[in-house]
Structure formats: C-alpha cells, structure tokens
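Here subunit A shows up in two complexes: once beside subunit B, once beside subunit C.
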Partner chain A sequence: MQKEGNFGYREAISMFVIAMTIKSFFSSPAAASKLVGTALWYMILISGLTAAFLFMFQYLLLKRFPNLSIMEIADNVLGKFFGSVLSLLCCVFFIFTASIDMREFVEVMKIFVLPESPPSFIMIIFSLSVVALSFMGLETIARFSKFIVYVLGAGFLAVILLSVSNFKIYRIFPILGYGLDRTIFTGIVRSSFFGTITVIGVFAASLHGPREIKRIGFSSILISGIVTSVSALSFVLTFPYTTAQELLSPMYAMASMVDLGGFLQRVEPIFLFLWNFGTFVEVTVLFYAAVMIYCHVFRISDKKPVILPMAILMYGMSLIPRSLNEVVNLWVHLLRQWGWIPYFLPSIFLLIVSKFRKKKGDINNA
Partner chain B sequence: MRKKIAIFLMLILILLFFTGCYDSKEIDDYAYITLMGIDKGVSDRIRLTLQVPEFSKASGEGGGSDGGQNEEEKIDKENFTVDATSVLSAIANVNANIPKMLNFMHLKAIVVSEDMAKSGELGEIVAPLVRYRQIRRNVNVIICKGKAQEFVKSARPYLGGLVTETLEDLIERSRYTGFYTDVSIGHLSDEIKSTYSQLLAIYGAINKGENFVEDGPLYEGGYKIPSDFYAGDVPRKGGQEIELLGTAVFDGDRMVGTLTGFEAQMLHLVWGDLRRSVFTIPDPEEPEQVIPLEIKEFEKPIIKVDTKTDKPHIEVKLSMEGDITAIPSRINYEHYMKKRTIEDVFEKYLEEGIQRTFKKGQSLKVDVFQFGTQAVRNFWTIPEWEEYNWLEKITQATLSVEVDFTVRRTGKLTESQPIRSTEGEE
Partner chain C sequence: MMGMVCLMLKRLKRLFIYTEPEHKSEEFRFPEDPSESSKWGQFAGYEKKSRDEEKNNTNNDEEQAVSNIINTIKKSSQSFDYKEYQANQTNVYNKLSSILKTSQESSSYGENQSEKNDKNNKQENSDNYKSEPEDENSSIRILRPKRIEELVKNKNINKDSKIKRADEDGREHKNSVNIENNKKETENIRTIDITSDFKICESNEDNKDAKNSKNNKEDSNTGEKKNGGDAKNETDKNKKGIKLKYVSKSLDENIGFLESFYNIPVNKDLIIKKFNIAKRIPACLVYVDGMIDKLIVTQFALPQLMDEHAFRHYDFECDCPLDYIEKNVLTIHQMCRMNSYEEINPQIVSGLAVLFIDGCDECLVMESRGFERRGIAPPATETVINGPQEGFTETLRTNITQVRRIVKSENLITEFEFISKKNNFLCAIMYMEGIANPRIVEEVKRRVKNLDVDYISGSGMLEQLIEDKPYMIFPQIVSTERPDRAASFLMEGKVIIICEGTPFALAMPIVFFDLFHTSEESNLRWQYATFLRIIRLMGLLLATFLPGMYTALILFHQEMIPTSLLSSIVATRVNVPFPTLVEILLMEFSFELIREGGIRVPGVTGNTLGIIGALILGQAAVEAGLVSPILIIIVAVSGLGSFSIPNYSLSLAIRIIRISFIIFGQIAGFFGISVAFTILCAFALSMKSFGVPFFSPVAPATRSNADKVVRAPYYEHVWRPDWLNTQDERRMGDKARGWKPDIGGAQR
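And now, the complex of A and B:
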C-alpha cells in the first residue's frame, strides 16, 4: 500500500478542482463553441454529469478494494504482468497529457506574454518548478493547492465580475445552440474534460477510505462543473458565437477587455496569475501520478531519483508537436474527444473483471 | 561535498533567474503609437499614418504641449506616413528609420478613411489586426471623411494633457450626447461576422471652421433639427479640429452610408443607453420659438419582434422623462394642464425621428437599431436562426413606435411672467 503524506479532503478537492478547471482558460471553450455554439455553458454541465456517472464506477472499484491504489487493484485483479501493462498505459497517458497541457500553456504564453522567449526556455523553467514541487511529495502538492485555490478563486471571480459590463444577454440565444441532440452528444463525449478526477485512483492509498474518496470525487466534479460552466457562460455572453470559435484564449480576451470608468483597465495580470499557478498545479498532479504509477510498476520505493528523468521525458514529449495549431487542433482535440477512454474505461474494465473473477479487497483495510 | 555541490547548483539557478527573461524591455526602448490611420495607398496597397507623440518628462504633458518647438515641425516629427503592403511591413519600414521600437500597446484608436471603408477592405485589412498581440480588443475604430492621414495629424491634445486622454474623453462623450456609437476593433471583428447585427462605427472628420459663416444676412429660416449633421459639417469655429459626429453604417465589411448625429441619438434612445441628453423641439404654439428639453430614460425600452410572418414586425415602446430648461415664448407650459402639449409634441418628435432613422437604415439594407438581438430570442437553434436570415429580412420589416414622455420639472421657474415695455406686455 502506497501511502503518501497526510492531507484531508479539502486539500484533495482543491487539487482536483484546479487541475480540472484550468483547462477552460485555454483553447477548449473555443473548440467546444464550434461544436455547440451558444449551448456551451450547459454542455459543460452535461459533461460534468457524465463524468460523475463514469467516476462512480471508479468509486465502486475503490470501495471494493479499500485503501488500495488503482495500480494495486490492477495487480490484484489482472495479475502482476497485465496489471503492470494497464498501469503503464495509464502512466504514459498521464505524462502525455501533462506534456500537451504544458506545451499548450507555453504556446499561449508565447503569444500573449513572452513572444521572444524560446519555448524551450519557458518549458525548462516550468518543468524545473514541477520537479521542485514533486520532490516535496504529494502532501506538499495538496497543501500548496489548498493554499493557492483561494487566491485563484478570488482572481477568477474578479475577472468574471469585472467583465459583467461586457455581457450582452442576447448572445445566449438561440438557447439550444446547434441543436439539443448535438449538445448532449458533445457533452457526453467531452466528459474527458473532467477526466483528471480519475487520478484519485492513483492517490487513493493516501486518502482516508472510500467514503472520503466519494466525497472528494463528486465534490470536485460538482465544483469544477459549476466554475467551468460559469466561465463558459461569461464567455458566451461576451462574444457572439460566430467569433467565439476563433479565439485562442477567450478568458484572456475577456480579461483584456475590462475597462471600467477609464480607470480600471489592463487587468490581464490577474488572469496571468491564475493561468500560471493553475497550470502548474494541473501539470504537477498529472506528472506526479505518472511518477507514482511508474514507481509502483517497477517497485521503486524512493521516487526522487525518478522525478528528474520523468520530467525530461515530459519536456521531450512536449517538444514533439510542431506548432500551436498542431497542439490545439490535433492533440488537445484528440484528448477532449477520446480522452474519456483512457481516463474512465480502465476502472470500468477492472470493476467488471473483479466482479467476474470475484476479487475483493481485504475489508480489514477499510 | 554533496552539500557544496547543492549550494553551487542553487547559486547557478539564482543567477539564471536574476538575468531576467528574454522579453524584458525597458519602457524607454519603445516608441508608443497612440493613433493609427489607414488609407488606400498610392505606391502600395495601404497608406499607414502613425502618431507617436513625444512624452515630456513633466507629468501629464505630452504630444504638443512643448511650446519651445515649432508646431509644424513637431507634427511632422510625431506623425509617420508610409505606403506598404500590410500594417506589419509598414511598421518594419518605420522601425528601420527610428531609434526606438514601435509599440501598439497604448494605441487608442484606428482611423480608417471613408474610401477604404467603402471599398469593402475593412475585413481584409483592419479586422485581422485583432489577431496581433500588441493591439487590444478595446482600441476604438473611427471612420473618417477624407484622408485618415490628415485626421491623425490633426488629432492634438486639447487644453494640455495627452492626445490619448483627449480621444478617450471625446469617445466617452457619446454616452451623454448619443451623437455616435462607441465601437472598438473587437466589436468590429464581431459585428462584421455577426448574424444578429451589423457594424456601426464612429464617423469623424476634420472641421477647420469652413462651414462657419462669419458675416452675412442673419438667419430667418425655420426650425432645424439640432445636430442633424454629419461630422465635419457643423457650422462652428475654434476648438478641436477633429470632430466626431454621426455613425458610419456597414453591410458586412463595406460601408454603405452614414447617420447624422441626430439619427445616432435615436439609436441610443432605442438601445436604452443614453444617460442624459438635450433635445430642442419647436414650440407647439409659437413655431418660430423652440423649447429645449433635458431628457433621460424612465424605464428600459420594450422591444418586441414578431418573426412569425415573412415580414417581421417590430414594436418599440420608450418611456422617457425630462425637464424643460427654457420657454422663450413664455407660454405657461409649466402648468400641469398645459405641459401635456409639450409632452405630445416631443413624443411625436421622437416617433418620427426613430421612424426616419429606421427607414434610412432599411434603404441602406442595415439593421441600424440592431433589432436582430431581440429577434433571435424567437428561435431555438442556430440553424433555424441562420436560415431565417435576419439581415435580409430587416429590409422588409415594419416598425411601430410608441413614446411616453413626462415632463417632471421646469427648472428654477414655475411660471413665466410677460416682458413689460413701453409698448405694453409681450
């Protein structure tokens, strides 16, 4: 049993909420707007509900095997070899997602803030920060998240409230967007937006039992869903659906349009702060989950020597896409469309196999 | 030993962070462009005029307030004009000739010549500027009569201060006067692609006082609707040379016409965003006299759009209140029975003004009042809305306007006594 650190549900919820909601500050809203138009804000709620439903299977699995992580459950259910294969696939997926998210962040930073800095320069500094936090361990990541979530929440609220003067109610119409059927289908498919919640399975041993996992999981999805929906709603009210699809970072564009009384303007630095710290937490969470899986598969008790090589691997993977367009139009698009498979299906698969093979965890562990 | 290596590595990292990042630049490294003018070019596709005011070391001064330098020389030094294929290539050309890097981060307005706007190239040359990171979405866009080059050169700070301040205040004034619409490059990019509405931009011109007739026979004509001019036509003398009055209307990215200052006021009244404004109406009982009213909105306008038929029908209901600020005829309109006359006249005045503006918009095939933003509520899905094609349907729409106006106060006087002279009472 891999237990790391001692932190409560608030820390865990902060960590997962930041990791899930930060994606709405990049290209995802514009891409989703292209599919559903003005229905974006409630499509996100449909995605959240779908994610909650799919997460339920992971919760049932973790409840069946109390206080075990998903890797240990995989070993138990599928045997050491196939369990390791499944775990390593998840590891590769998490590190790949972290690298794409980092690359997207770096490219967007280059466009809006640091046009002359080489991407590798920004990525190295970012990766070193991820390494530094990872060295401190899961407890530090969680506690840092709890510390920063209040600041990020306040900044987020500030950007939304300051943008109210740019809202026009008519932009929410036609209310059904491109059609309710399309909205529901897209919402279900894009439940991968909330897929980061499945990392809870990797950290399960450090949490205080299935009941707490349930609380963390569903609360995180609920809070993330509401926050992301609010940001999507503000985005829909600010930009007509025809131009919303064009924007790289609608939230940044919203922040840059704030101009109250000719006095309160140029408030993008608030938004940059949210962006930087939020992405930092998200990438660290995914990266650390990959490190934990890797160390479990290869029975490495001390994670520290693995962190730097994995970071180099993440950095290398993030250099693979040739341009921002490839990142956004290919990789991020693939992750959003098909990410629900690697996020949610392993848990469903393990649950089915465990029921079929009548495998159960030790109730004394509960 | 390991401790020493760790300390050494930390010191190197600290040094790395202290060097700053690639993008750090001093404020003095840049020359900040405050105004940009775009005309059709002669030796290349576009003619770009950039105003880069000299900011003096004294706080709050800049852009024309340095009295020691010849004004003409100063204007020439601060305004660059270059013909180029694109805005960025023009910037590169200018950058080759000045010691500082040009920077758009404090750009206040983009001035586009009417010729350029009418040629339909707005969407090709101006709208794409929203992609450039230095240009903010809330940079204003002004369509100017004549050459943008002349307009930019004429834009000087008024009564000291900065030219950016002057422009910002001037554009902000529209909230009180309603003589033009405040539009930014972000709006421009949205509106030329919108299915709800079309672009309405600020219309500007240079007014050097040519319309002001210094001497001649005194005016004996009848009532004239105030501000029923286009920019540049106001008979005035002195003050700012640049004049913002009226609205340029677009069908897509092609300018198809203009609205006068009065017509632009009608837009703001229907939109419900005119804070307080002055209207002058003819005196109902002595038509050679006028009655100025200061009005404001009492309730938000109610707009209903019926899209069930092929020809949409629009109903507008305005609820206004106001004060009588003068009664030159000294007729006792202050009396509660008599004030109804003023109210009726003003209601009719506004109804006719709104109808006239609407019909003008229809003749230009433009939804000037942006009724599309209301009509869209009748549709459930985007395909249905787009198939309806509101921008085409508006040309066949009918409009009925109802105005309810109430005079609340009559200024500091509650009645008007007659003027007495040797000839008796007037």
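And now, the complex of A and C:
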C-alpha cells in the first residue's frame, strides 16, 4: 500500500472542491451555455447529482476494499497485468487532462493578462509551481488547498458581490432554457465536470477509511456543485445568454465589469489570483495522481525522480493543440462530453468484476 | 667507602650533566621497512619529544638517582661500621636534599604526611632524630637517617618483596617499591614519596581504591576505542602521558593530573590552592581565577577547612573526611561529591570550586560562581508597553530563576546539558512535567545530546544545530528575550532551552503564529489585542507583497489602477531612466543599507543616521530623477511593515522573500507572484518544527482556541494547542470565571 501521509477531511474537501470548481472559471460554462441556454445554473446541479450517483459506485468499491487505492484494487480484481494496464490507462488520462487544463489556462492567460508572452514561457512558470507542490508530496498539496481555500472563497464572494449591481433578473428567463429534456441530458453527460472527485480513489490510502471517503466525496460534490451553480447563475444574470456563449471566461469578464464609485473598478487582477491558485491545485492533483499511478505500476517507491520527467511529459502534451480554438472546441469539449467514461466507468467495471469474481478486501482494515 | 661515594656522585652527576650512554651506539642502517622510518630521527638526533615525555624522562632520572642512593645504602649496611655508616648516611642525605630542593615539585604532601607519621613515632624515635632544617617554600621533608636505615633493613629482610611503582593513572610500574611490611613501616616509606612520581602500593589498600585503580586502568586501555570527541580527548591526554578517569586517593596524583590537564604552569587561569585541613590533612582547592566569588572561597571555605576547632569532633583515624566536611564544616549552600573527571572538569571551568583531599577518592564540588555579570534590564528586542519590563541576561542561573519566579510549580523541570565537547557549553532544558508531550521532550534532549561540535557561542548557533530543516527560510524555533513569554510557552506545553551567555530562550516546537504573536497581547483586552494583530498582519502582508505588487501593477496590470492615479504615476516616472525592476531593487538595497548601517553604528547615532539617511537619500534620489516619488512611498511602507513583525528572524525572512516576489512580479505580473507564493507555500507547508506542521492549526486544521489573528477573550482559551499533543489538554476549568456561572470556560 502506498502511503503519502495522512490528511484530514477538511484538507481533502478543500482540495477536491477547488479542483472541481476551477473549471467554471474557464470556457466550460460558456460551452454549456451554448447547449442549455439560461438553464445553465441548474444543469450544473443535475451534473452534480449524476456525478454523486456515479461516485457512489466508487465508494462501494472502496468500501469493499478498505484502505486500498484504486490501483491496488485493480491489481487485486483483475490481476497484476490487467490491473496495471487499467491503471496505466487512468494515468495517461489524468496526465492528459492535466496538460489540457494547463493549456487552456495558459491560453486564457495569454489573452487576458500576458498577451506578449509565448505560451511555452507561461507553461514553464506554471510547471514550476506544479513541480514544487508535487515534490513536497500529497500532504503539502492538501495543506496548500486548505490554506488558500479561504482566500479563494473570499475572492469568489467578492467578485460575485461586487457584480451584483450588474445583475438583471430578467436574464434568467426563459428558465427552462432550450428545454428541460435537453438540460437534463446535457447535465447527465457533462457529469465529467465533477469527475475529478474520482481521484479520491488514487489517494484512498491517505484518507481515514471508507466512511471518510464517503464524507469527503459527497461533501465535495455538493459544495462545488453549489459554488459552480452560483457562479453560473451570477453570470447568467450579468450577461444575456447569447453574449455569455461567446465569452471565453465569463467570470473574468464579470470581474472586469466591476465599477463602484469610480475608484473600485476592474478588479479582475484579484480574480486572477483565484484563477491561478485554483488551477495550480487542479493540475497538481491530476498530475500527482498520474505520478502515483505510474509509481505503483512500476513499483517505484520514491516519486521525486519521476516528478520532473512527468512534468516535462505534461508540458510536451500541452503543446500538442495548435491553438486556443483546438483546445476549447476539441479537447475540452471532448473531455467534458465523454470524460465521464474514463472518470467513472473503471470503478463501476471493477465493482462488477469484483462482485462477479467474489473478490473482497480485508474488512478488518476498515 | 670512598669508592662508594664516588659511585654515588657519578650517578648523581647524570642528573645534571649530560654523559654519553654506556651502551655502544647503534650503527646507522637505512630502514628497509617503512615502519622503521621513525628511527631516522633517532639516528639523526632530532627526534621530537613532547613536553610530557621530557618531563617523564626527568622524573625517571630522579627516580633512578633515589634508587641508586637506596642501593648504596643497602650495600653499605652489609659491612656494618656504625661511624662510617653514620657519616655515609649524613652524606647521602645531604645529597638527597640537594636533589630534592632542585625538584620542581612542591607538594606539601610529604611534609604533611611526615607530620602525621611523626606524631606516632615522635616519642620512640626522638633520640635518633637528627633534625634537618625544612625548606618552607618547597614543603619537602627530608627523610631521617633512622628511617632510611629501617627501610634498607626491611628491604634486606624481605627478600621476596616486590618493587612496584604506580604511575599517575594507576598503572603499576615494574620497578615500583612494594614493601609488604607492617602498616607503620609502610607509612614511613611513604614519606619518600616526595617527587609525586612514586607511589607505594600498600598491600592492605581497600577494595574501593583497587576498584578505582582498576577503572582507571581499564579506561586507559579502552580509551582509544571511544569514538568522536571522547577519543580525541583521550588522545590529548595520552600525549601528556597522564591519564586519570577517576579521582585518585593520592592528592599528588590528582594535582599532577590537573596540572597536566590544564597545562599548568603555562595556563595561569587555574588556581590550585594547597593547604592542610585542620592543619593535618593535605588538600587542595581547584578553581578558575575570575570565575568564582572570592568571598565564598576566602570566607566560607578556606577558613572553616583550615580551622582545627571545626574538626574537634572528627576522628582523624578515618580514611576520608569528606563526609564530615560536607555535613559539619562547610556552610556553602550547594555542594556535591563527584569522582569522575569527566564530570569534574566541566564544573571547574564553569566556575565551581573543587576540593580534593588526600586519601579521598571523591572530591567536593562547591557552588562558588561569581564572575562579573550584567544586571536584569528591560528586553531590548521585545519591548512592550503593557507587561513585565524585565528581560533575560547572559547568566544562565539568573535566567532560570526569572522563569521560575513566574512558573511557581513543582512540575517545572530543569535539566542541564553540556553541549560542545571542548567548550563545555551549558544549557538548561526546561519543560512542564505532566503538560509537555514526553516525546517532544525526548526529541529535544536527543538532539541536544547528540551534538558533536567544538564551540557554540549561544542560542543562535544551537538553534541552527537542532532545527528540522536548515534550508527553509522560516525559523523553526522561536527565541524570546522575555521570561514571561518563555513561561507562557512552558505552560502551553513547549520545551524551553536557555543557554549560558545568551539573553534568549529558545522555545520549541513552534508554528507560524508563535512568530506572529507578542507577549503584550496577553496583557491587553481582546479587542485591543485583535486590533494590534490585524495591524501587524497588514504590516506583514505589505512587507511581503507590496513592492512585488507594485512592480506587477506598473508593468502588467495598469488597468487595475484608477486612471487619475495612473496618470500621476506615469508623470513621475517619465524622467526616471531605469526600468522598474532596477529602480525598486536600488531603493530596496539602499533601504537595507541604511537599516544595517543604523544597527551597526552605536547608540543614538545609529537611529539618527537611519532617519536622516533615509530622508536625505530619498529626497536626493527623487530630485536626481533616479527613482519616482511613489516608489519611495512603496519602499518606506514595506519597510515599516517589516518593522511591525515582532520576530527578528521572521522579519529577515520576509525581507528576503520580498525580493523574490519583486523578481517574479517583474517576470509575469500577478501570475508570477502567484507562482512565487505557491512555491513558498509548498516549502513552508511541508516544514515541520519538531514534528509539528508549521502552519498548524490552519493547515492542517486542528482544534484550537480563537487565538490566531483574532484573539477571543482570555477565558475562552480553554485548550492547549492541539498540535502539541500535551498530556493535559485543558488550561482552564469548565468555568474559568466561576463567579459568573452562565459565561465561563467554553465547553466542547
């Protein structure tokens, strides 16, 4: 069993909430707005409910194999070879997701803040923080999340509250958007928005048993669902849905519209900090999960030598998309639309196979 | 007869005049074996000998001379002619006295011992005495003719008796004289032990003596096996040729060892005051000049010890009067008995006086420290308006007393530990038994005990040696100059280390908020304390981020600056020829220079120089167009912020971190500052102080009182810090304010 030091549920919830909600600061809400219109804010709640339902299978699996990580369960259920193959697939998916998220961040950053800097330069600086956090281990990542969650929460509330003057209630209508069925279907499909919660399976050994995993998982989905829904509602109220569909980062745009008393105006640089810290956490969580899986598969006890090569790999993968257009309309769209398969299906598959093969972990470990 | 005298003179001559050795000199042979290369020096005549070896050789020559005299006497006694014999004896003793007078040894042992023995034999031998005048300076008593005669007779009678000699570390030499006669005779023989190189091994010596001697021998054999500093020390002693691990019964051996150990007479600091206890028992008091309170020695130790009246109830037949002295004679408040030189030597150099008594295999260590010291003064680095106004001093005992005056509890434990092996640097480890986590206490002691350094100057060096991660920029141990703060740390469950020679106490383990708090807040009402903390937090944030933020704003995020302010800034920067980074680094460097210069310049001049320098420099820089006025404000405000940080180490850390934020702000604006902050957090959050995460109780979140930034009313501080895992978790009862039952200590 791989142990990365223990951390409490507060740290874990902070980490997963940040990792999930940060997507709402990028292009995803605008893309979803294209599909459901003004119904975006509750479509996200439907996605959250779906993710919670799918996460339940993972929880059942982790409960069946207490204190084992998802990689160990895969080895146990499928055998070392097939288990390793499945784990490696998850590893590739996580590192790919991390690299796409990083590229999306870099592209948005380039547009809004650093227009003259080349993406590779921004990515190198970005990778520095990811590597630093990963070098210090999972415990430090969790603590960092807990440390900055207050700052992010305060910043998020500040942006929302300062934007209240721009809210127009009528913009919420038509409340059903493009139709309830479409909203529900899109909500179910885009449950991958909360798919990062499945990383909890990789970190299971560092948490205090299945009961805490259950608490962390469902609490994280609930909190991030509410936060994301509130942010979606606020920008639906701020922008006409036709305009919102065109925005690359609706929250950033919302922050830039703040103008109170002539002096307090354009507070998007404050929002920039939320953006940065949140993305650092999200990418680091996915990146470190990939590192952990890789080290498990190849039985590498010390992760530090793996981190730098893996970071270079992530950097290389993030350079694959040729433009922002390709990042947003192809890769991010694919990840949101079909991401639920690699996020949730392995756990369901392992649960079914373990039931079928009557495999079970040591209950005494629970 | 004449031949005998000639022979004797010839042998005595060797003591003073160099003569060629009688044996045939060895021919020079080129050493074939590399191990023989040491002979080169011998053949070449320049073999280097240590001072101790030379000293031993001199002693051996003297021993040989005395032995020759004895042999001569022995020969003369065979052809017994009384007149001739008497004349011969007189001659011999004249020669012997001349040898002894030239001896550098000035032990009073011989005199005292002979006095003691004479007391028993005075009556029966009085008619045979031919009293020799005593040399008062050398304190050497010359052996009487009759005793030598008896000695020689005894030697003839006891053909089987072995001749033994014990060297100073207890090892027996083959040529030492061991006369297994009756006790009286043996005591007489001991009177020739005047050069302190002879020791007559008594056949009836007690088991303890034998044990000590054995220990000394064993230690000398196993000394080289010891590692580290011990082995090095052993080697040093080996060089000097004198080794004693334990106190010897022979006073001369002890004195010899101490003289060798402390390089006397080259070293003038150590005083070995020889005297007779009750005018009978030879003893000496050993101390370092200047380190002791002379009043204690001259008024409360020596007079009592030398006074016969004080010993009127003492039975002088007893072997060792130490017990009697300790209980009945000395009025010094703190004394203890020791027998190991490993323990005694650090005490001597720490300023304690040590009493060695002939015949005792222990010594008495007396508290007599009385060196010059600074009085208690207000703390210079942690001034408060509301609170105690006394700080630690450089004296360890005073500092411990100051803490004890505040923490009046039987559970306050103070343990002493010598840290450096050569410097005998003493520190006190203090903790509250029943509150402090025993594992933390053990860990602190383990780290302190396992230091192997020659020199530690104070708590600052000790801090660096025992902290968890030396490469982390934040301090992991807090140092305080205030006894009240040290006491509050103790009551929280922390461990305190106070070092001698430093007016600071080290507290561990700590978290970030310990560096952020001051002792003044405890003495203020919670509203005021919270206000001060918020101000201080703002100061901390400004000191850390303001210059970096300014750089980022000017270069990347101009849209955030209101238009009027932006135009003003731009107008003032038009004439500045430098880029923002150079401009701000220039000012930061100047500011640090003024600050450093102000500290180094003594007294009031330093402060004046700092203020005037800053004003003139700033004004001149603006007028010269080197920097913009807004930058002066930025640097000044960040400097004021750094002054508000209560911990000096944290303040220095922030000043260094600030530069990294400026550089990252220059590189990538707020994004760069975010990256720098994340990297800083990654390191800081992984940091631990004695196993406690540095940012507890925030990350990781643990149970705590409302005492981080906002300080709740004092009666709500129910719990000790959870991250310390104290044995007693509560620091107040359920109802801290029992007079008001509805609002008391918080119950959780």
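Following the convention adopted for this analysis, the second predicted complex is superposed on the first by the 366 of 366 C-alpha atoms of A that agree within 3 Å, B and C clash if a C-alpha of one lies under 4 Å from a C-alpha of the other, contacts with A are read in each partner's own complex, and residues count from 1 in each chain.
The definition used in the following text is that a contact is a pair of C-beta atoms (placed from the backbone, for glycine too) under 8 Å apart; a residue touches a chain by one contact, two chains touch by 3 or more.
Bear in mind the structure is a predicted one, so any value in this text is a computation, not a measurement.
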{"item": "Contacts of A:Phe239 with subunit B and subunit C, given as first, second, both or neither", "value": "first"}
{"item": "First, second, both or neither for A:Tyr170, with subunit B first and subunit C second", "value": "first"}
{"item": "Partner chain in contact with A:Gly179 - subunit B first, subunit C second, else both or neither", "value": "first"}
{"item": "Which superposed partner A:Asp259 touches (first subunit B, second subunit C, both, neither)", "value": "first"}
{"item": "Partner chain in contact with A:Ser219 - subunit B first, subunit C second, else both or neither", "value": "neither"}
{"item": "First (subunit B), second (subunit C), both or neither touched by A:Leu272", "value": "second"}
{"item": "First (subunit B), second (subunit C), both or neither touched by A:Val113", "value": "both"}
{"item": "Subunit B versus subunit C as contact partner of A:Gln337, first or second or both or neither", "value": "neither"}
{"item": "Subunit B/subunit C common contact set on subunit A", "value": "113-114, 117, 128, 262, 265"}
{"item": "Subunit B - residues contacting subunit A, complex", "value": "13, 21-23, 133, 136-138, 168, 172, 186, 189-190, 193-196, 373-374, 376-377, 379-385"}
{"item": "Residue ranges of subunit A touching subunit B (in the complex, touch as defined)", "value": "37-38, 111-118, 121, 128, 168, 170-171, 173-179, 239-243, 253, 256-257, 259, 262, 265"}
{"item": "Contact footprint of subunit A on subunit C as seen in their complex", "value": "553, 556-557, 559-560, 562, 667-672, 674-675, 677-679, 681-683, 685-686, 693, 695, 698-701"}
{"item": "Touch list for subunit A against partner subunit C, complex", "value": "7-8, 10-11, 109, 113-114, 117, 122, 125-126, 128-129, 132-133, 135-137, 139-140, 142-144, 146-148, 262-263, 265-269, 272-273, 276-277, 280"}
